[in-house]
Each structure stands twice: as structure tokens, then as C-alpha cells.
Amino acid sequence: SSSGSDDSTDSASGELTPVTLQLQWFAQAQFAGYYAALDQGYYEDEGLDVTILEGGADIVPQDVLSGGDADYAISWVPKVLGSIEQGAEITDVAQIFERSATTQISMKDKNITTAADLAGKKVGSWGYGNEWELFAGMQKAGVATDDISLVQQAFDMNGFLAGDIDAAQAMTYNEYAQVLESVNPATGELFTPDDLNVIDWNDEGTAMLQDAIWADSAKLADDDAYADQTVKFIKASIKGWIYAKDNPEEAAGIVTAAGSTLGESHQLWMTNEVNKLIWPSTSGGIGMIDEAAWKQTVDIAMGTKNETGATVISEEPPATAYSNDYVTKALDELKDEGVDVEGADFTPIEVTLKAGGE
Amino acid sequence: MSTEPAASGQTVAQGQPVASARPAAVSVAGVGKVFASRKGTDVTALEAVDLTIAPGEFVSLIGPSGCGKSTLLRLIADLDTPTSGSIEVFGKTARQARIDQAYGIAFQQAGLLPWRTVRANIELPLELHKVGKADRAARSSELLALVGLSDFADKYPDQLSGGMQQRVAIARSLAESPGLLLMDEPFGALDEMTRERMQTELVRICAETGAAVVFVTHSIPEAVFLSNRVVVMSPRPGRIRDIIAVDLGRAEGRDEGLREADGFFEAVVAVRESLHGESAGAPAARGVDIR
Amino acid sequence: MTRTGSPLGRRVLLGVLGVVVLAAVWELYKALGPATGVMIGDLTVLPRTSDLAMPHVWDMVARLFRPVRSAGDDEMMWQAVLEASFFSLGVAAVGWLVGVGVGMLLAILMQRFRTAESALLPWIVLSQTVPLIAIAPLVKRWGSQIEIGEFSWENWMSVALIASYLAFFPVSIGALRGLESPDVNHVELMRTYSVGWWATLIRLRLPASVPYLLPALRLAAANAVIGTVVAEVSIGLRGGIGRMIVEYAAAAGGDPAKPWAPIFGAVVVGLLAAGVVALIGLALTRYRRGETPA
Amino acid sequence: MKQSASLPRTILAPVLLGVLAVALWQLAVVALEIKPFVLPSPVSIATEFSSSVSSVWTSSLVTGANALIGLLIGAIVGIVAAIIATVLPITDELSAPLVAAASVIPIVALAPVLYTMFGADKETARQLVAALAVFIPVYLNTLRGLRQARPVHRDLMRAYGASSWQATRAVTLPGAVPFLFIGLRIASSLAVISALIGEYFGGPIGGLGKSITSAAASSNYSLAYAYVLGAIILGLVFYVVTLGLEKIVSPHRAPSTGP
Amino acid sequence: MSTEPAASGQTVAQGQPVASARPAAVSVAGVGKVFASRKGTDVTALEAVDLTIAPGEFVSLIGPSGCGKSTLLRLIADLDTPTSGSIEVFGKTARQARIDQAYGIAFQQAGLLPWRTVRANIELPLELHKVGKADRAARSSELLALVGLSDFADKYPDQLSGGMQQRVAIARSLAESPGLLLMDEPFGALDEMTRERMQTELVRICAETGAAVVFVTHSIPEAVFLSNRVVVMSPRPGRIRDIIAVDLGRAEGRDEGLREADGFFEAVVAVRESLHGESAGAPAARGVDIR
């Protein structure tokens, strides 16, 4: 916050409060709601001048946040739990994604339909803390990390397509689509969902909470202006996500305009799949943190060992690790304005993927 | 060490100044130089050296490799400091003389800066001492003419033959009209023919500029041809064994014919014998001790 | 490297021929080699020949002349690649300049003080064994703390700084060697002129270091490009080749020629960087007279 | 040139500087209360290093093996290519632009396609990345060394009526050794760095690169830096071993310059 | 060019073999050498050179830089081929002689392989010609003794002084007991004192081995001291100007004292005059044309 000192909350004066948001990765429809909120002026309506910072391979959003270089960050809960144990003081203030998008996909002929089938296979993962649901699923099915050979996946799915990886990690909104955009050498056509087996961690019961909005715990406690601003930020972001639900094509276009180079059909697919992770909301409105889901995430984080025998965390996270206070306020305001924050009537659209995601 | 009698017709003049009205060009008194080596074995390069050189006098230093010729020259030039004794150049300390640019120096390699033209190389000392551009140009033209290289002013050193490069180095050493020239085997890298021509040249230049010269060489004919006095040194520790006065007439009169004169050969023989120190010894035995 | 011996025309012709030969070998192997690659035991010794692994040369070239995305009115791939190349080149150039500056300063310091050389040199060598990925996030995080008046640190500066971390190394080593290269003769000549260290540096040591400096500058340029590309990936800077490599990788399955486009871009960046250094070398011809052709 | 410095100076000075730097670092972290996720203190890194020394060791083995294989492949291919280029100058001229390009492009850019070409579940791609990075300095320096053969030696070989293979073995190859080592010295730590950056773009897990990133991803920076320390030590080991090899192989020649 | 009368007491012997019973060690007939340069300007290094050298004879080549001395030596060694004329070595073609190892050769630089010990350097030619290990060791020990370096057999070249290195090179050139030694300024890099010792040494070795020698040098005293005949060459294009027979007695008898003998100085003067070609000319004018 460079300009103005105390008048930051004084939105009436027309002065916008500068706010930065650190994403977990490059601009893509995974973050469609925030880009839509920015594009549609929802942040501005709340008196916020939001700058969205893209991520990178070595950017750890929660560290950017706790280091004071961003006001909010988007990150997965299990990744942040580790950081919190290392001393980061940040709080999950809105759990945007209610469901997990992580799956383990394999070619039909490999007959890998459950976590138990992974034993003895070459299993892909990106690392970077994306691997915990996989390990939890395996552990639950009695497969030890030594029973598989773990391969670090690259930024592409070529390893999977070439058969180097039997079961690859794939986000429903991204890598799964990448496979469906590729030509099946056997048929000369694109792969279809029928060619693939999918292990969905939501179904296996080892799903963990993913994209959430994180804020600085200390400032939430001490700085009322920041607390107010957090509510506003959540409110505007939720409006963005509602926009993405109602206007997936436009939302995808907004993300592309923001500099994403993903192909058109891929971008739209991603928007649609991300919508499925949010809508319909079963936790009392988008962003509400479901106690049970949180507990499941924490339990897995404490009980699951990775290939080096380490767990994400060794003890319960502090109470400040999440708070429904701010999202509740935001939802209340929205409900007051007559906005549907649960999207019970949500129906996804049909997206046809083209080769290379074009 | 052995101060044996000099050869026929030559006078031995140990450390005697030729003139004493003006301060001597160089006066070395009781100078010793010990190089401390890391292994603790010190090398005594020079011991009790006395030498006085008159203004305008040409003195050569000759002696076996490692006898301290270069060391002595470097002490005079204040490139190194003596362990004992004192050195004066034109009545000043060696250090002061260096700062006052009282001498010019030339080494075995011409040591021209390859990225500077011939002219720019000659002007280097002037430039470093903030002489104005016009003055520099005038002086370098003069010097180029003196060494017969006016046509090569804008060439680079690598476009010159070895002899020509050496002449540029001599011109450079003369740039600030020093009263003393220090030269360490300046013609060592030249072939004999070119070398003889350069010697004639140097004699002429010295005559024109009237500078005193301390000239280190390995070549007896060269030392004899050039010098008023030849200082013969003995090794380990470096001492002056003999000083042989050569009287071949004034510099202006010296020319190629001189090299074939009897006096020349006699002086050569005198220096040779002094150098080998043991002309009475058995030459046959020498074949063994050749390290 | 290339000798000055053969005439330029021949060199260019043979150079082009060399590229053609490489393309021919590629296609030949692709036509004849097994799709699964040549395996010895469990080890793939020759690459797979599937379109996914080795697209046809003409496909890779043709891809450059299609829009980045077929839908929409996107610019041509080659334009996008070229833009990214110039962006990366710009960042790398800044990194190179900083690296050269720091390298020169270190070299001069080490030349001046023997103790500095003893103390610094091992650490300078050691510094290059620190993996980039360890310092990239640090630099970004520290950089973002900097805000002085109008000036605020931007991400591209972090990338440039990382590039300079790789670039300074060859310069400091090469320049040190160069600064110490003058003959004792020359150094003593300067002493007889009773000029100080500074004048000796300007008139003697710096000019004499040019032949050592030029290869160092070239290495530094190559290093700066590597640093830029890796750091772009690492901290996700938009606009350059590094990010393009990651982004286009996502399309590899359906559009195998696409990931090759930024690789060509990287070649362009590298060659341009080397070209600039060659031009600098040309401008300094005067100081390279003593150079013996390798 | 300067005389070689005395022992206390060559050892003591850098050690003192290092100790001073680490002490300042520790002091800064403690005094300014810098959070570990901004910059861990040397003490915490050292503690972490000693407590996870076994996993650092296993990671180093993986990366070190890749670097070593890459170094060997790159060096052998580089030397052979340089010999071919000397014997058949046309191959040199043909490959000149390719070598020029390879010497300036970021080799890591090739990592993703190499994984596709050689298999994402194998270490091959990483080894090749290292090999490519090693190839360039080894090739260029060896080539220079081979061409450096002094005319007097060449004349001598002709005077002895030596065959071209005899001449190559007796004069050209041994003469190129110091140059080869200049290349190898550059290549040794390059091999480690390249193998490590190669891990960044995929492949089997277990190496230092992957360990650094996953430790950092969970904000465990002390652990991340413990692995970084491992990487530094590994690079140093490669460098020192190359240096030692050089001393053994060529004890009696003028010291060659270069890092 | 100018075949002016030789100096007093010397006989001019143009291309005359000293002995003709056995085939001459070297016979050069009408040899010319043109170097084609890339710019189209050809350099005629040698023109119409005739020279016959008897077995056991010591012949020096002397002449200004660039006159083709090295070229001639290289033609004899078949390191280069003449453009015209023919060369025979012991009655064979130069090529055959090279393949048969009829000569040994030494250059200005010792040209030792730095990675081989002194002994291994000397053994190099034997090794290349598949001489057995034991024989090699025996021969190298012999040669090491001959050049007085037995104690240095296992040292490396960089541990030796320049003069010692040169002696190793000479030992190497003698390894296969050639009847002909070709030497291109082998003492060029040595200081005068060492040089004189090496000369004495060489005279002794030649006497012991009975080899003919073609010796390129820039030094007149060296040429005179060593040779039976001194071949004086003129430059552009390289031709033989004079061949001056030096008769200072058999090699065995030559020693240091000889250098101070009258005959020595006379021969030196004769070579000097032939070399400068124009002893009658005005020496003053020479200062200008000194390139």
C-alpha cells in the first residue's frame, strides 16, 4: 500500500485500496472467478484495486503472503498446513473449491481402477505437495510407497501418453483434458474418456481441500481495516465465481484476454470443470469451510507418509488456520443483495475438446 | 673475484669515475642484494658492488647468466631496492630519479603495447606525464626521424620486424630526453646482422643525445663495440671482477670498419679472458663442467 | 573456434549444409528407427520415433507459420516466438550487463589485492555450484521488498539478477586472468614511468585483458540466457521463452510440434547474444592484435 | 605474474571470509528476526543437514550418478568428436553452426523434449542434459588443444617418418590433455548443475533437485537448504576430483590457466 | 649474388665436395623453392642452389633473416619439397633418406615433449621405430652419458635449464646414429657463455660420431668455430653467395684457445665481409637502409 495512509478504508472518497492476490500458477481458468471479478469491476465496486500476481514453478504463494508481498494468496490446504507448521501465520478465509480435482488416470488396458491396483505400477505425480491425496489413497488401500515406482511428472502429459507412466496424476480441469486433446495412435482419433480409467480421490475418500483464499492471520486480528477489506475481497471474488458459473464462455475469454495462452476449447473445459468443483455448494454457500472436510484434510496430512517417510504436519494446526467469519459476512451481504450463493440449480455445459486444446 | 691483470693494451679502472665535475650519472656504492626465498635459502645476487658512471659515458655489464646484471640495472632503475649500500642517479636517490624521470629504460623484449601504433607507443610516457598533444606529436616525430621510422608512425608493432620494434622501444626510452639510458639486453632477440646495424645506430643516437648508458649484454663484441668501459661480473655472489676500458675513439668516429680493427679484437680477447676468469686453466676440463 | 582460414562464403555454405545434414539424419532416423526407440536392456539409447517424440522437421517448421491458436485471430507462431525471444534477450542483456559489471569489479579487486584474490576466488568458484532453483525464489522475495521512491522492484529484474548470477562468473575469472596477463616488462615499464596503479589499470591492464575478456563475455552471454530461461520458469515471469516452454508443453500431446517452437526461440536468443558479443569483439579489434589464432 | 601465494593465505583467507559471511548471516537472521521461510539461519540449516544427512546422501547419489554418467558421455563424445574434427576438418566446418548454437542455447530448454524422446520414467534424459552441457566445453577445448600441436613437434614426427596415428598418439593427443582438462574443469560442476536442473522438468524422483523443490514447496526451507548444501558439496566434489585427476595425469607441464 | 674475392688466407670453394669416394652426405643440385601465397604473390625462397657436403663434414649456413636457410634445411630433411632441382642424401632421394632415418634433426627450440622424461624423450625415435625396450634403454644411457646428463634421465623437461634441454634434443637427434645431423639454430636461445660451451661440446660429439652436419646459425663466430666450410647466403631470392673454407685443424684439436687465435679472427672477418656483401661500400649510408 503505497499511496494514502489511513484513508484506505474510505471507499466513499473514490480512492481505491490497492490489493494484491498471489495465484498458485500462471493465469488460467482455474482462477477464472478472480479474473472475472476484476474484469467485471466487482473488486472496484468494493473499493479495491486488485493486482493479480501469477505463480511460477518455485513460487510458494503462502510464503509470498506471509512474507508480506501479497495481501491474499490462493493455495491448497495441505500445502499450506506444512507452511503453517513451519511458522507461517496465515488463515484460510474462504474455501472456494469444495471438491478435489485430483485424479490418477490410466489407460483402460492397464486395469487400474482403484488405489489398490497401483501396486507395482509406475505412478506419476508432480510433487510440490500435490502428491498427498495419492499417498493417502494408497495408504488407505494398503499400498506402500515402496510398492510403486514414483515418477515425477513434467509440465506435459507425454510421459503418460508414451507409456512411461502407468497411472498419471491429472487434474480434471487440465491434464485430463490434455490427454483427451491428444491423438490416440491406435485409432488416429483423439482419446475419449472411454479409453481411460480414472481414480477420483473424492470417491476414494482421501480428497483434500484445494484452492482456498488465504489471508494474514496477524493482520486479521489486529488490523480492522484489513479484516473489513478481507470480507470485501471475498465478496467480490465470490461474485466473480458466480459470473463464471453463469457465463463460462465469457469467463474463459476473460482469462485468455488476461494473457493465458491455453487453447480455446481447453480454457472453456477448464472453466466448466472448475465450476463443477464449486457448484452446487453443499456447505452453506461458496467459500464456507466444511468442518468435516477440513478435519479429513488435517487427518490425512498428519497420518500420511510420503516416499521419504515424512508427513505434511506432525501436530494439529492452530485454530487460526481457518476461519469462517469473513466468508460468512461476505455471504450474508450477498444474500442480502439477493444473490444465489449455493447454485443448487447449477448444470455444467458440454465442452468438446479439440486437438491440442485449440 | 680474481682481479688478474688485464689483457695487453687495456687499463683496468675499478669503479673510477671518468669525470667528476658534474654529479655522476650513476653512482653505486657498496651495493648488495639478497633475495629472500620462501624455502629459507637466500640468494645473494649482488655483493659489494661499486661503480660510478660519468654523464655521457657508455658502460656495458657483461657476465655469465645469473651473475646479477639485470639485478644491478633494476636497482639503478629503482625497480628493486638494494639490501645494502646506496645508489645515486644524478646526485638524487634512485627513487627520486625514477619519479623525476631521470632515466629511460629498454628491455630485452621491445615491450611495445600491441594495441598502440608506433607513434602512440613512443608517446606513452609523455601521455602519462600529461604532456600536451601538440608537444607530444612534435617530440614523437623527432624521435621517429631519429630512429629512421618516420614512415611507420601509424603502423602497429606486429607489422614491424624485430629490429624495428627494438628501435621503437629505444625511441620510447628517449622520449623524455633522459640523461641516462638503462638497457637490458635490448638486442638479445635480434639476429646478428640486424644486431650489428642496431649497434651502429645506438652509437649514433647516444652521440646525438649525449646520454649516459648502462648496457647489459651477453655478447663480448657488442660490449666492446659500444662501450667506453666494459664491466665484467662474476657469479654467486655477483661481484665486479674487472672493469676494462675500451679506447676505440669517440663514438662519432665508430663505424663498421672498427669491428675489423686490431684494437677491437684485442679488447674482445681481454674481455673474454676476464670473463672466463681462468684463461690459464685447462680448457679441456671445462667440457665436463658445463651446467 | 572457427578458424579464420576458410573464406566466409565456404563457411556459410558448409554451415547451412550442416543444418541440412542434421535435419536429414533426423528424418532418416525417424523413418527407419523403431517407434519405441532403440533399447539395450532397459536403457533407451536412441530416441523414440513417434510423432510425439520426434515430430517431422517440416511439421515443426510449418507450425511456426500457423497462428499460435487456430481459433481466433492470433498472431503467427513465429511472431509470438520472436517476441518472446526478444523479451528474454532483453532481460538476459540486463543480466549480462550487471554480471559483466560485477565480474569486472571483482576481477579488479582481486588483481589489486592478493588477499582479496585468495579470499574470494574459491567462493566465486563455489557460487556456481549453488543450484539456480534455490536462489530464484529468494531473489524474487527479497527484490519485492525493495521500493525506493518511484522505483519499485519488478519481476523481470529478479530474472535479470539471476541471469547476472551466472554471467558474472566467467567474467570475473577471465578478466582476472586478463588483468594479470601483461608481461612483467610492461608492468615495470609503467613503474619506471612512476605512474600509479590506476593509470596502469587503464593504460595497460584493461587493454591487455581484452583477448581474455572476449571469450568470457561470450560465455557470460550464454550463461545469462540460461539463467533467464530457467528463472522465467522458476518465478513464472510472463513474456519470455522460459514461460513459453512450460505453457506450450501442455499442448504437447495434441500438437507435438508446438513445444519445439520455443526451443527454436531459445536458439535464436543464444545466437543473437553470441552475435552481439562478436560485434563487441569487432569493435575491439585494436586490442586483439596480439591474439594468436586458435 | 604473481608468485603463488603462501599457504596460510590460500587456506586461511577464504576460510576466514566464509566464516565471517556465515556469522553475519546468522547474526542477521537472529537480530532481524528473519522468518525461516524468508531465510533460514546457517545453524538451522546445519542442524537440518546433520539430521537428514542420510536422505541428502541418497539424493546426492541419484543426482551425482546422473551427473557422472552425463560427464562421462559428454566428455567421451566431445573428445572423439574433436579428434574426428581434427582429422576430417570438413566435419568441423559442417558442425560449426550447430556447435555455436549448442554452446549458447540453454540446454535445459531441451529437457522436456528429451524426456519424451527417451522416456519420462528413466534418468536418461537428465543424463543427456548433463552430457550435452558437458560436450560443448570439452569439445571446444580439446579441439583447440589438438590444433595447438606445435609445428616443431609436427616436423619432428615427419622427420621420424612416423605414421599419422603414431604422430597423433605421441604428440597430438598428449599435447591436448591440458586443454582437455580446462574443458573438463568447466564441465565438472556444469554436469551437476545440469543434471539437477534436468530434474525440474520431470523424471523419476529421488534426486537433489526434486528434493529441494518439494522441501521448499512445503516451506521447509531449512531442509531445502540442507539439500542445497548437498548440491554444493556434490559440485565441489566433482570439481576437486577433476582437479586431482588433472594433477595425476599431467604432473609435468606448465600449469594451464583457467577456472 | 656478388661473388667477390674472399678475404685473406681463405679459399673459396663453391659447391665442391671435399671427398667423392663414398656418396656425398648431401648433394643439392639446382634447387629452387617457391612458396605460393594465397594472395597470389609467390615468394621465391631459394633459387638455383648447388651444394655438396661430404660425409663427416661440418657445414654452416649463414645469412640474413629470411634468406632461406631454414627452407634449405627443411628441403634436405624432406619436411618440404623443392619446386625445382633435386636433393640426394647419401645417394638416396630426400624422401627415402627420411624414411630410412638417414639423418637426425634438431631445431631452435629443443622441442622436447613436456610429458616425457628426459630419457623417454631421447628414446622417442627409437620407440617409433620399434626398437626393443632393452636396446632403447642401453642406447639412451649411452647418449645421456655423451651429453653429460646421466643424472637427469628421469627428470622432466621443465625441470631442466635451456641449455640442458638443448643437449637432450641433440642426444635425441643422435639416437639412431645418423650419418647426417641437421641443425637449425640449435643454440639460438642460449646465452653466450652456455652457447660457447655447447659449441665445444658439439665439436666433440661430432668428432666421436663422425656425422656430417648441416648447421644453420646467425652467429659468425659460431659458424667459424664449428665448421669446415661456411656457406654464406644472400636474400630475396635465397642464393649461395660464398662458400668459405675454414681451416682451423681437425675437430678433435679445437678448443677454447682457438677462439683467440689469429686464424679465427681472419675467418670471422672473411665471413663478415662476405655477409655484408659490400665491405667496399660506404658504411655511413647503411644507417638508413637498416630494415
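As written, the chain order gives the labels A, B, C, D and E, with residue 1 at the start of each chain.
Here is the rule we go by: a residue touches a chain if its C-beta (ideal position, glycine included) is under 8 Å from a C-beta of that chain, and two chains touch if they have at least 3 such contacts.
The structure displayed is predicted, hence computed values, not measured ones.
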{"item": "Labels of chains that are neighbours to chain C and to chain E", "value": "B, D"}
{"item": "Contact-richer chain pair [B-C vs A-D]", "value": "A-D"}
{"item": "Per Cα centroids, the chain farthest from chain B", "value": "A"}
{"item": "Chain D-chain E separation of Cα centroids, rounded to whole Å", "value": "50"}
{"item": "Rounded Å distance, chain B centre to chain D centre (Cα mean)", "value": "51"}
{"item": "Distance between chain centroids, defined by C-alpha means - chain A, chain C (Å)", "value": "36"}
{"item": "Chain A-chain B separation of Cα centroids, rounded to whole Å", "value": "85"}
{"item": "Of all residues in chain E, the ones touching two or more other chains", "value": "none"}
{"item": "For chain C, residues that touch 2 or more chains besides their own", "value": "48, 52-53, 133, 137, 141, 233, 245, 249, 252, 259"}
{"item": "Multi-partner residues of chain A (each touching 2 or more other chains)", "value": "57-58, 60, 63, 67, 154-156, 158, 162"}
{"item": "Chain pairs in mutual contact under the definition given at the outset", "value": "A-C, A-D, B-C, B-E, C-D, D-E"}
{"item": "Chain B partner contacts - residues on chain C that touch it in the complex", "value": "183, 185-186, 188-195, 199, 203-204, 207-208, 210, 286-287, 289-290"}
{"item": "Chain A contact footprint on chain D (complex, rising order)", "value": "35-38, 55, 112, 115-116, 119-122, 199-206, 210, 213-214, 216-221"}
{"item": "In the complex with chain C, residue positions of chain B that touch it", "value": "74, 77, 79, 98-99, 101, 103, 105, 107, 109, 111, 113-115, 124-125, 128-129, 156-158"}
{"item": "Interfacial residue positions of chain C with respect to chain A in the complex", "value": "48, 50, 52-53, 68-72, 133, 136-137, 140-141, 144-145, 147, 152, 232-238, 243-255, 258-259"}
{"item": "Footprint of chain C on chain D - complex, ascending", "value": "1-2, 5, 9-10, 13-14, 16-18, 38-39, 90, 93-101, 103-110, 112-113, 116-119, 122, 124, 140, 144, 147-148, 189, 192-193, 196-197, 200, 208-209, 212-213, 216, 224-225, 228, 231-232, 234-236, 239, 257-259"}
